[in-house]
Every structure is written in structure tokens, then in C-alpha cells.
Amino acid sequence: MTLFFMIATETLVSLFLETRQHTENICKPLEIEDYVVQPIVDVSPPKWHLGHTTWFFEEFILKPHKPGYQLFHEDFAFVFNSYYENVGKRVIRNDRGNLSRPGVAKVYDYRLYVTNELKDFLFEEISSELEEILLIGIHHEKQHQELLTTDIKYILGNNPLLPKYNDSFLENPVQEFKQKWILMVEGIYEIGHHNPEEFCYDNELGRHKVYLQGYKISNKLVTNAEYLEFINAGGYKDFNLWHAEGWDWVKTNNISAPMYWHNIDGQWYQYTMQGLQKINLDAAVSHISYYEAFAFAQWKDCRLPTEFEWEAAQKNFEWGSRWEWTESAYLPYPDYTKAPGAIGEYNGKFMVNQKVLRGGSVATSPKHTRPTYRNFFQTNLRWQFTGLRLAK
Amino acid sequence: MTLFFMIATETLVSLFLETRQHTENICKPLEIEDYVVQPIVDVSPPKWHLGHTTWFFEEFILKPHKPGYQLFHEDFAFVFNSYYENVGKRVIRNDRGNLSRPGVAKVYDYRLYVTNELKDFLFEEISSELEEILLIGIHHEKQHQELLTTDIKYILGNNPLLPKYNDSFLENPVQEFKQKWILMVEGIYEIGHHNPEEFCYDNELGRHKVYLQGYKISNKLVTNAEYLEFINAGGYKDFNLWHAEGWDWVKTNNISAPMYWHNIDGQWYQYTMQGLQKINLDAAVSHISYYEAFAFAQWKDCRLPTEFEWEAAQKNFEWGSRWEWTESAYLPYPDYTKAPGAIGEYNGKFMVNQKVLRGGSVATSPKHTRPTYRNFFQTNLRWQFTGLRLAK
Amino acid sequence: MTLFFMIATETLVSLFLETRQHTENICKPLEIEDYVVQPIVDVSPPKWHLGHTTWFFEEFILKPHKPGYQLFHEDFAFVFNSYYENVGKRVIRNDRGNLSRPGVAKVYDYRLYVTNELKDFLFEEISSELEEILLIGIHHEKQHQELLTTDIKYILGNNPLLPKYNDSFLENPVQEFKQKWILMVEGIYEIGHHNPEEFCYDNELGRHKVYLQGYKISNKLVTNAEYLEFINAGGYKDFNLWHAEGWDWVKTNNISAPMYWHNIDGQWYQYTMQGLQKINLDAAVSHISYYEAFAFAQWKDCRLPTEFEWEAAQKNFEWGSRWEWTESAYLPYPDYTKAPGAIGEYNGKFMVNQKVLRGGSVATSPKHTRPTYRNFFQTNLRWQFTGLRLAK
Amino acid sequence: MTLFFMIATETLVSLFLETRQHTENICKPLEIEDYVVQPIVDVSPPKWHLGHTTWFFEEFILKPHKPGYQLFHEDFAFVFNSYYENVGKRVIRNDRGNLSRPGVAKVYDYRLYVTNELKDFLFEEISSELEEILLIGIHHEKQHQELLTTDIKYILGNNPLLPKYNDSFLENPVQEFKQKWILMVEGIYEIGHHNPEEFCYDNELGRHKVYLQGYKISNKLVTNAEYLEFINAGGYKDFNLWHAEGWDWVKTNNISAPMYWHNIDGQWYQYTMQGLQKINLDAAVSHISYYEAFAFAQWKDCRLPTEFEWEAAQKNFEWGSRWEWTESAYLPYPDYTKAPGAIGEYNGKFMVNQKVLRGGSVATSPKHTRPTYRNFFQTNLRWQFTGLRLAK
């Protein structure tokens, strides 16, 4: 983790408090039971997210740095650690949904306790190194806000009663403009984060040159209408469009449409945060895997942009409603080095067999994304608001 | 299902109401979160038990027989059916713990609604055939009361915080008498249920003769002290004591003690309904699989009794604190025939690759067991209060 | 292993040599490649059977008892031990088909070496205790002859080229008589082996009384014609006929006919030792699991006999072309005790979660079966020549 | 597949015949049994390689193009197709080792038949399009020669008898020079195949510019001596050195050394084509996964080169004894487009979740590799002669 930017303590404190509050706001529509379940390994119980983001501040700031700090509960590190091997044992991931205790009320107590302890601590002098960790903690929580949202969608959207989340979370904004191709000329482009006044993760740092061949990239995300054409043209039945392992995935899981799509009496519906609704044809397609994005692009005689093509062109189009699958594998930038210790586990250890997604989504927290932000997921995952933009 | 015995309507109503109430009493110590989780496939979420026992009355009595009955919720049959293939789709078993909805409050509403509807219905005239189904429904709920108790123990006892259930559920009564061998002479014995004034399941019916060789059976359950000797003598490391598939089970699952036993700094503890406690050496061993019961008996140069030996001898010893593994496979009695339709699925379809357990346990509901009662489980299961009695 | 019967040394030697020869005769039609493969875990490569039956004589007779005996190869015990935990490490079962070495020629060398060494040894005086082990070794090899035959059928019958084995092995003799019911009266019957002049396994010993209710048993095995009616009546689609775990087995494995049946353009064929042939309607059905035998009997409003019913009645009908599934679980007889050491692993450790089959089959070695013989398999297995006889 | 280079018919014929012969030479040391087994899913039986490379010529040249061509056997396409979805059903990959038929002699007959038929056909005029397919077929067979070699090593090296292959295949040549760092300056480099007189695969085509930051790359492969230091320093026990999924792989598979290494009484041995031998400390490490290569580089505070860095620098060092893991994911070059039909399945459909390896190995066929050659494997595979070269 190289150095970040300067920020006034007051701003930092209010950013911290805002973030803590926003997480809890996301949970407002939930019943207590919704906090507890883990229907698949990738989806964590909401109460786990609440505890885990809290544990991060306790483990990396309060415990090592605040004099006389008392742990809220000595077993919580065990329960709420996720994947940080440097910080002791952890509840293995698919066990999270088996834990009824600590209960939701206790987890909120834990949040309040840590928030207050940290707030107090922040008004004392803190080092710029600590400030950095705090900022990571805040952005870590922002990242979990998105997961919290998509995990809630999964929990409700896979319940046979299909309950709605609320009326205000709008996931299908319409792109009200015509599709056209943006032309990008061959040459050298600069890639990576470079604004010293803005937070970023270590995986974006090390601004460097890349050479791009000339290419075209669409100003518009692929819509549900276009994706429906692909389905109707037999896209899910033609192995020539798919990677070998994508085709295995289709066969093994009987995939024939994006996640949350339901065909009822010949009519397509989508589970949304407002419950089951007719497919909105003008909205951008969402909840597709990389395999599906790739196959769709093949079918269109196009391709997915690389993350460099995307970054070089992004000023020329609107983005932010879907995480856009790119063709790029998630790899370190030329000067990348893992930070030592647990913080170093944040990004580096995932840099194999995943794909980069660029942009942001309707579930991304306010101010959490930026043109250089590198999101990443395994190629088969669909529970995020993922979509695609074509290149050629 | 052959015919049962006569019972006054009033008695029946009060038995019904008592049973409904008792189920809810078992849940009193729970937090809402405890109602939701399913840590292993054999353990169901408590709210599922609450709903499923209710669904039984709705599905088999109210819906087909009460004129004008309105279903509480049309999707609940889907959610709360367990294994009755004759009654439509069901939530597959290891999905139960993924369902946050219907919530706990809604499930209690469902219970109240069905209890009241049924109570009203019972005060009208009901046929003796319906009375039989009602009795099965009541005893079905009593059976689930035991599962509810043991599932709660599993949920709490596998939580890293090891919370206690309550202070009053005593699972380790001491057998305050000396071990001795009861001698049973060779000859013909009568086996099976024969009291027309007492309820029983169809698998106990068809009283018939069996020929038993002379045998000895212990008056006392095997104690924790004896079982500890077996552990200390290397019982879990000597494959000669085990069935081949038992030995595979030991190796695959790294078994070295009964379920809920923890060795902390060389001292053995047991998770009980009151939390973690030192092993009570005088109590009967509990939470062991058939494989373990068999291996222990081999080590003692004894054997497990058959279910017939147990039934023939049971007047001569105390029983009821542990389900006692027998050597008998769970098979139909000579005249057994499956009842037609869904009720016929109750017992018959499980009569393969399971072992009979006799007796009852500290978790068995009041008046739910009897000398002819045939309980049955797969040979590897341990989450019930299972123990053993030796024969030779 | 209690004592057996007297036998002249000469008879014993010729029985031994005959048996060794017969095993090799079974392999005559094979190509070298056929000796090597293991398509499923239950099927062993023919060369493994050749080596394993040889190893038995080496391990239990020559090595401990013949003065100055030199092992043929010190690693062969590792390669050819099967499941005898008392005799060191073993190649785990589903690895047998991964071993190209020792090659077939070397395995035949091994056979010759051990056969000769043992023949020499037998002409010296041997103790009656050794005679017993020798007899077990001979019968062990006879048992493997049947497995060898059925494993060869599996290897050839699951090859896409469907090669035939030979022209002389006739697996579908016709029962040329009418079906009728044999009536057996209620009362006490004697069960178990009792002829001191005939070899038997320890699991048949301990002749004892059982009490049987009156019953009827068919004089005839169920035929392919009858089984086809069951298929055509939707037997594989009606869960009411099946055990719960049988139904899971049907669904998981897409079972819709006996093993080796192929439906080609609406016509049923069966792979036989002579290659693919039209179903012989008059032959006894073969290659069915216990689950299928049970479901068929349910559909006929009959049941399977217990092993005791079978043994008590067997003089009244022909048997020996199919192993007949019984309703009895494989359990020890009242006085059964496991022999100490490796020989004790022969039978006892399998006495859980298997079913007894009685009779014998077209693949059973000459003189290897008898009225008290207890064969046993898991309920899902079908690669033996298994069939059924109805009772009621 | 864009166009290739001109080649005289005679040269082509002799290249074809040479290649066919070389495949059979590789198999000379085998016993028939060695041709049959498939110990893991990635390893194919040698007879399958013999048949599959033959099938390629039959399927793509003789069958569609030679007038009046008679298939050798109509079921062989089913048996010997590998993954070409466009060409009908195929024997699923982990079933190959279950097929004893067609036998080895028959497969050699098949080879001879197709070789002769094709040789005859080649002396007639053939189109340049056919010439291209023929060249692909030849190089396809060369690729399988390497797999054949490494699969044979796996089959013999995982047999408990550890038989040797032959005396002449030397897998551990020593790099007799000192390690130094080659300095490469920042700037634009040209990547991809560009020699119109040399065969290449479609995945190398589309020569294009890339921008590289300045870097250093070692002139020498990492040796066994260096790798042993890593082991002794606890490299396999420090999760900080590993990717998260690499660490899971280490834990799940109990990895603690390269494949084929055995620690016997504290001394390290390696199974080689000449049997078990002491580790040659000066030889390049081999049979490691990408995960191990990455962890080793982390431990050295270095990294793996990208495939572009490797290609740009390769004139400055010796290569060809180990396939060298690079940091690059296997992705299409900018202008890559999949050829239509079955030939298009050759490369494109594998371009996800694999890593590029560069160089070649002791098992690579003569003239089969080149500076632009892009080999690719999943990150956990080790049965190839894989090694690594450091960069920084």
C-alpha cells in the first residue's frame, strides 16, 4: 500500500460516520430472519456483513492502536474474520449461515460500541499511517455495502415467496440515447490511478503506459431487448459461441437465461428489488456471468473490451449502472507489490483466475467507484449487477 | 393403517391443544435467529418444525374435510411439506435453512390459525377415520417435538459461542443402581403392539411370535465412565472392532469421541443444554452412532440386543433416557402393509438400511414412547440422545 | 471360524488345482487389455483377481507356514491385498484400474509360482488348522471366480463396441414350468448349516430355531416378461412403489430398466455374454438392484421372502440361476463370533446395511453354493446376476 | 485460421511420415498394459493418443475429401474424438481409461490404414486449404507426442513398482553457466508470429505492438537447489506467499514438494524416466504448478515475467528444457478470430482461466516449438515438464 492523499480529520470523521450509517440504512427493510441465512457460499448473511465491517476497524485500528481498548467480545474475531489468514482462525465461509448467534441485536450493539470507540479515538491525533488504514476500512465497508445489497437481493429473490425489498431502490434505469460506436485510435495510453487527492486501492496504482491497437467501443450497454434476441436465436444452445468451460457451466447448471429471469407462460419476468416484474426491454441486461457476456459478444461478431480499452475510452460514454465484464484477467500492474501483513491480503492474493469488471453498478455505494477502479470476480458469478458493453 | 382405539372427543381435543402448546414451550428459550438456521441436512430450522407440524393438520384434515376451509397461505404447502411425494412439490431438504421467509411471527400466526380452525372443527362431529388421522397428526407433532429439541441442541452446540438452552432441561440423569445381567430363557415370545386402548404406529402392529435363543441383557445403560475406558484403550484406533463402513466413517470424519465431547487441556467436557460442562461419568453415554455402539460392544466381548430381545426383556429394566441402538435392521413385521396414499409414506418407505432403536430419551415427549415403539435412524447419525445397552 | 469337516489330502490337492485352473479358464477369451481396466469402483480388473486370489494363499499359508518360503515379489502384498486391514497397506479400491504393472504375464508367473509352491507344500503333512485355511482360500478363489465373470461382463458390456465374451456361457436358461405358490405352514424351523461333511463359511454356522408365520412362496423366478409389464405399467415412475432411498437412486441415476437393457427403436435388447441380443421373455430377470426387486414385489401386491423363509422352503423349488434378493438384512446369526485376526475380516465386518441374497447364479462356481449359503450386497448393486422370487 | 506458408509436397509427405513414426517410437518401451490406463482425468491412455491423432486425419481430411474413402471402423470417431463438440458425441474424458477395446493391435492397424490412405492421397494434387489442415494435423500429432510422453511418465511414475521408461530419455540437462540478470529497456516491442515460411497456430498470429516497462529477466531457469531452499525455508507453510486459491490447493492436496519428489529417510529423490534417482541439484526444477512458481517468485522478492517480456527477451537466453510459467493469462491477441467449425475449436475455446507457458521442454517434439509459441495450462497442473524463470 503506497501513500494516499491528505484529508482533514473532520472530513474523515464524517465520512466514517456517514458510511457506518449507510450500511445500517441498507438493512432497514429487513426482517430479523433475513439477516441470518446464507443460501449459497458466495452470499453472506447480512448480519455477518454488519459484524465483519465492524471487526475490521476493531482488529486493525482499535486493538493495536487505541490505548486500553477493551474488545467487545473475545470470540467475535473468530466469527467475523473473513479470509485474513494472518489474523487467526476464521469461520469457514459456508458456515456463516449456520450461526444464529450472535443475534442481530448483539451485532448492532457491537457496531455502536466500535463506532463510538473509534469516533472518540479519531478526535485525538492520529498518524497518517493510521489515517490510511482508516480510509481502507471505510472503503472496505463501502465495498461490503454493495455485497450486502446484492446478497439481500439473492436471499429475497430465491425465496419461494419472492418478497420485495423496498419501493425506492431502482435497478433498471433506461439509457435514453441511441447506440453508436466510439472510435479510438492506435497508440500509447496511460493507465492507472494518478489523482493524489482521491482515495484508491493499491491495485489501481502504478500509472503506466500501454499500447492499444485501434478499436471501437459502444457508447451503450447491451440491453435486455438485445439479450432476448440472443436467447431467442438459440444462444444458450450453440456451443460454438462459448468457451469450453463456459459450455460445461451452461450444461451442468442448466442455464438458459440471466439470473432472476423467470419465464411464466411464455412471458419473461425478472425478480427486482420491487418483486417480480415484466422484463424492461430498454434497461441494460444484468446478472450475467462472464461466460454469457463472452458468448453474447461472439454471437454479435464483436468482443468484450479489455480493461485498458475501457479506461482509455470511458470519458466518451456514461457508465455506473452495471459492472461491465472485460476481457482482461485480473493481474497486477507492472509495479504492484503486496503490502506486508494482513492489509496486503486485501487484493493481491486474488490475482489469478478472475476477470476485471469496470464501471460500477446501481448497488455501488456513493463515491465508491472511479474510472480506474478495478473490480474482479470469478467468471461464473452472476449475483452482482453485471452487464456488458461491446467492442470490436 | 389398521384401526385404533376409542377416545372421547374431549380427551382428544385437550390432547391436541396440550401438544400444540408443548411445541411452543420448547421454543420459549430461543432467540428469533435460532429459528432460522440449518447447520446440517439432518437438522431442520425450528420454524420449519413449527410450520410443518401445522401443515400436517391443514393438509390432511382441514383442507380435505372442513367445509369452506380457507388455506392460510397457498404457498405454505410448498414450504412446509417434508417428504410426502404424494402431496406436490417440496422445498428440498437442505434448502430449508436458506429461507428467511415466512418469518417466525408469521409462522406463529399460521399455527394459531390452524389450531383454532381445527379446535372449532373438532367440536363438531368427526368420523372415527378422521379421529385416526388426527391422532396421527398429534403423534406426528410429538415426534417432531423430540427432533425440535435435538435440532436446537445441535444449532446451539455447534455455535462457537456455545450458548446454553435453559437451566431446567436435564439430559444426564444418573442410574443409581449396580449393573447386573438379566437372564432370558430360550423360547417363543410375542412381539408387537396389542393394547387396543393405546395409540401406536402401523410399524408396531401385527403382534406375532418370534423364537429367541437364551440370552443375557444388562439392566443398565453403558455409562460415560465405561465409554471413556473404551476411548482410552484405543477403541477408535483399532479397526478390528468396527464394521468396514464404520471404520471408513471414523477415518473420513476424524471421529474420536461422541458428539458434543470436547477435550480441553486433557479434560473431557460435554456440551449440554446448560452449556459446556465436565463429563458426568455416572450418566449414560449419549450421542453415539450405531457404529460406535457396535464397536464398544465388540470391545466388551458383548453385542447389542436385537429389538426382539429388548422388547421381551424390557419389563426387567428401566428405560427411557436414551434411544438404545439395537442390532436389528428396520424391517416390516410379518403382516405389515403400507396404508395407501400420503399417510402410507409415514413409515414404510424408510424400511431399508436403517437400524431400530428402542426405549425413548430425555427429549422424547411425554407419553410418546412405549415398549413396542420402533424408532429408526441411519447408522451414522448421532444428534439424537442415543446410547446403548449390552447383551450377550 | 469353528471347525470344518475331514477331507483327504489328495482330494484337497485336486480341489486346489482344479480351482486354480478354472480361474484361468474364465480368462481365456480375454485380450490383454481386458485384464487391466476398472470402469467402476465395484468392478476389479481381471488381473487383480488373478493376483489377489494368489496373494491369499501366499499371505495366509506359504509366508507364515512354509519353512524357507521366498516371496515372489515383496511389493505384491501391497498391490493385491484388498480390504484386509490387518495385513498392511493396500491399494485403495478405485486405484486398481490405474495400475498397468505388474503386467498380465507377470501375474500369471506369480500364479504359477504360488500354485507350485503350495502344491509341494501340501504333499507334506499339514495341520488340520492349515487345512481349514486352505479350504477357505479355495472357496475364496471360487467366490472371486464369480466376481471375475461378472466384472468381465461389465467391462465388455460397457464398452461402446459391445464385444462378446464367448459363445458357450449361457446366462438365460428358461424355467420350463408353470408358476404356482408353495404353501408353508406356521411354526418353528431350523436355520443354518449343519452338515459336518461339507464346507461352509462362518456366517452360516450356528444352526438355530426361528419361528415363521405361515406364508406362500413362488416356485418360479420372476421372468423378463413379467418385469417388462412392470416397466410398461410405469413402475419406474411411481414413487409409491419405492423406498425413499430407492426413489432417490432411480432419480439420481435415471434408472428405467435393468442393467444391460437397451431400448433400440422401441425394441428391448440385453447385452449378454454373446453380445447384444433381443430380450428373452421367458428367462428370469437379471441385473436388478434390491430397490427394483422390492418395487416390483410392491407392484404385484406381494413381497420378497426373508432369508429364513427361503431356506425353509428351498427344497420345494429349483434355484441357482439367479442370486435372489431377500427382505433380510445381512446380520450375524445368534451364536456368531468373528474369528480373530485377518481371517475374521472375511465376513463379520460387512454385517451392516447390506441385504442377503440366496441361491446362486449362472456365474457361481461349481459346487460353490448350497441351501444355507448367505451372499450379501449393497441394495443399489446390479452387476451380479441378481433376480427375485415372490412371496406373500 | 489465416493462411500459412508454402511447402513442397514431398517435404510435407516426409514430415507427415516422420511424425507418424515418431509417435510410435515413443511407445516402443511400453508393455501392452501401459497403453490402457488413465490414472487421472488429465492423463490419457497411450492407445487413446495413438487413435485420436489418427482420427484427426481421418475426420478432417480423408472422410470429407478423399473420394470413396471407407472409414476404418464406424464407431472409432465416437471413441477417439476428444473435445470437438462439432463432430458428434465423444467418450467423456474420464471414461477413456475404462475402455479395453479397441485393443492396442487394432489401434496400430487403424494407424497403418489411415497413414497409408493419406500417403496415397497426398501424392495426388491437394489444395492449399487441405495442405493447411494437414499441417495442423501434423502439428496436432506433435503436440500429442509431448502429452504422450508426460502421460507415460505419470502412468509409470505413479505405479507402486516405479518402473523405468528407458535409459535414453534425459530429462535433467544441466545449465552450465552462471545466473545473471538481462536488462530490457522500456519501450514498444513487437509480439506475435511473423515468419511466413514457418508454421504456427492461429493463437500466435496478428503481430502487434506492446508497451513494456523496463525489466530484468534471468538468463537461467530456477534450479532444484534453489527450490529446495524454498522448501526448507517453509515456503509451503507460509500462506503470505500464495494466492488464496493456491493456498487452498496446497491445503486440500497436502502439497509439500514438486510432483515426483519423494522424501525417503530425509533424502530427496525424484522419479525420472530412468526410475527413482537422487535429486539433481543443478538441474532446473520441473513438475511444478503455476501456484508454486508464483509462490517461489514471491519468496525471492521477484515475479514471473509476462509472456510479452519473455518473447521480447528470449534471444538473450537459452530455453527449451522446461515450459516456463508466465504471469500472463491465456487471452486472444488483438486481431484473433476463431476459425469457423471444428478447427476453430482448437485454441479459442480455451482462452479463459489458464496461464501461458513459453519455451518448450525436454518432451517437446523436434521443431515443434518456437519463440512465439503459446502453450497454456490450468494453474494447478504439474504433470508437464514445467519450470520457471524469474523477472523483476
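A few points about this structure:
Note that the chains take the letters A, B, C and D in the order they are written out, and that residue 1 is the start of every chain.
FYI, a residue touches a chain if its C-beta (ideal position, glycine included) is under 8 Å from a C-beta of that chain, and two chains touch if they have at least 3 such contacts.
These are the chains along with the protein names UniProt gives them: A, B, C, D = TIGR03440 family protein.
It should be emphasised that the depicted structure is a prediction, and the values quoted were computed from it without experimental measurement.
Identification of common neighbours of subunit B (TIGR03440 family protein) and subunit C (TIGR03440 family protein) yields an empty set. Farthest chain from subunit A (TIGR03440 family protein), judged by C-alpha centroids: C. One simple way to say how far apart two chains are is to compare their mean CA positions; for subunit A (TIGR03440 family protein) and subunit C (TIGR03440 family protein) this gives 58 Å. Inter-chain spacing, taken between the CA centroids of subunit A (TIGR03440 family protein) and subunit B (TIGR03440 family protein), is 45 Å.
Remark: subunit A (TIGR03440 family protein) and subunit D (TIGR03440 family protein) have CA centroids separated by 37 Å (rounded to whole angstrom).
Looking at subunit C (TIGR03440 family protein), one finds that none of its residues touch two or more other chains.
Contact topology of the protein chains: cyclic, one closed ring where each chain has exactly two touching partners.
Every residue of subunit C (TIGR03440 family protein) that touches subunit D (TIGR03440 family protein) in the complex is listed here, in rising order: 31-39, 47, 75, 78-79, 91, 95, 97-104, 155-156, 158-161, 163. Considering their complex, residues 83, 85-86, 188, 208-211, 213, 239-240, 242-247, 290-291, 294, 298, 303, 327-329, 331-332, 334-335, 338, 344-345, 349-353, 379 of subunit C (TIGR03440 family protein) touch subunit B (TIGR03440 family protein).
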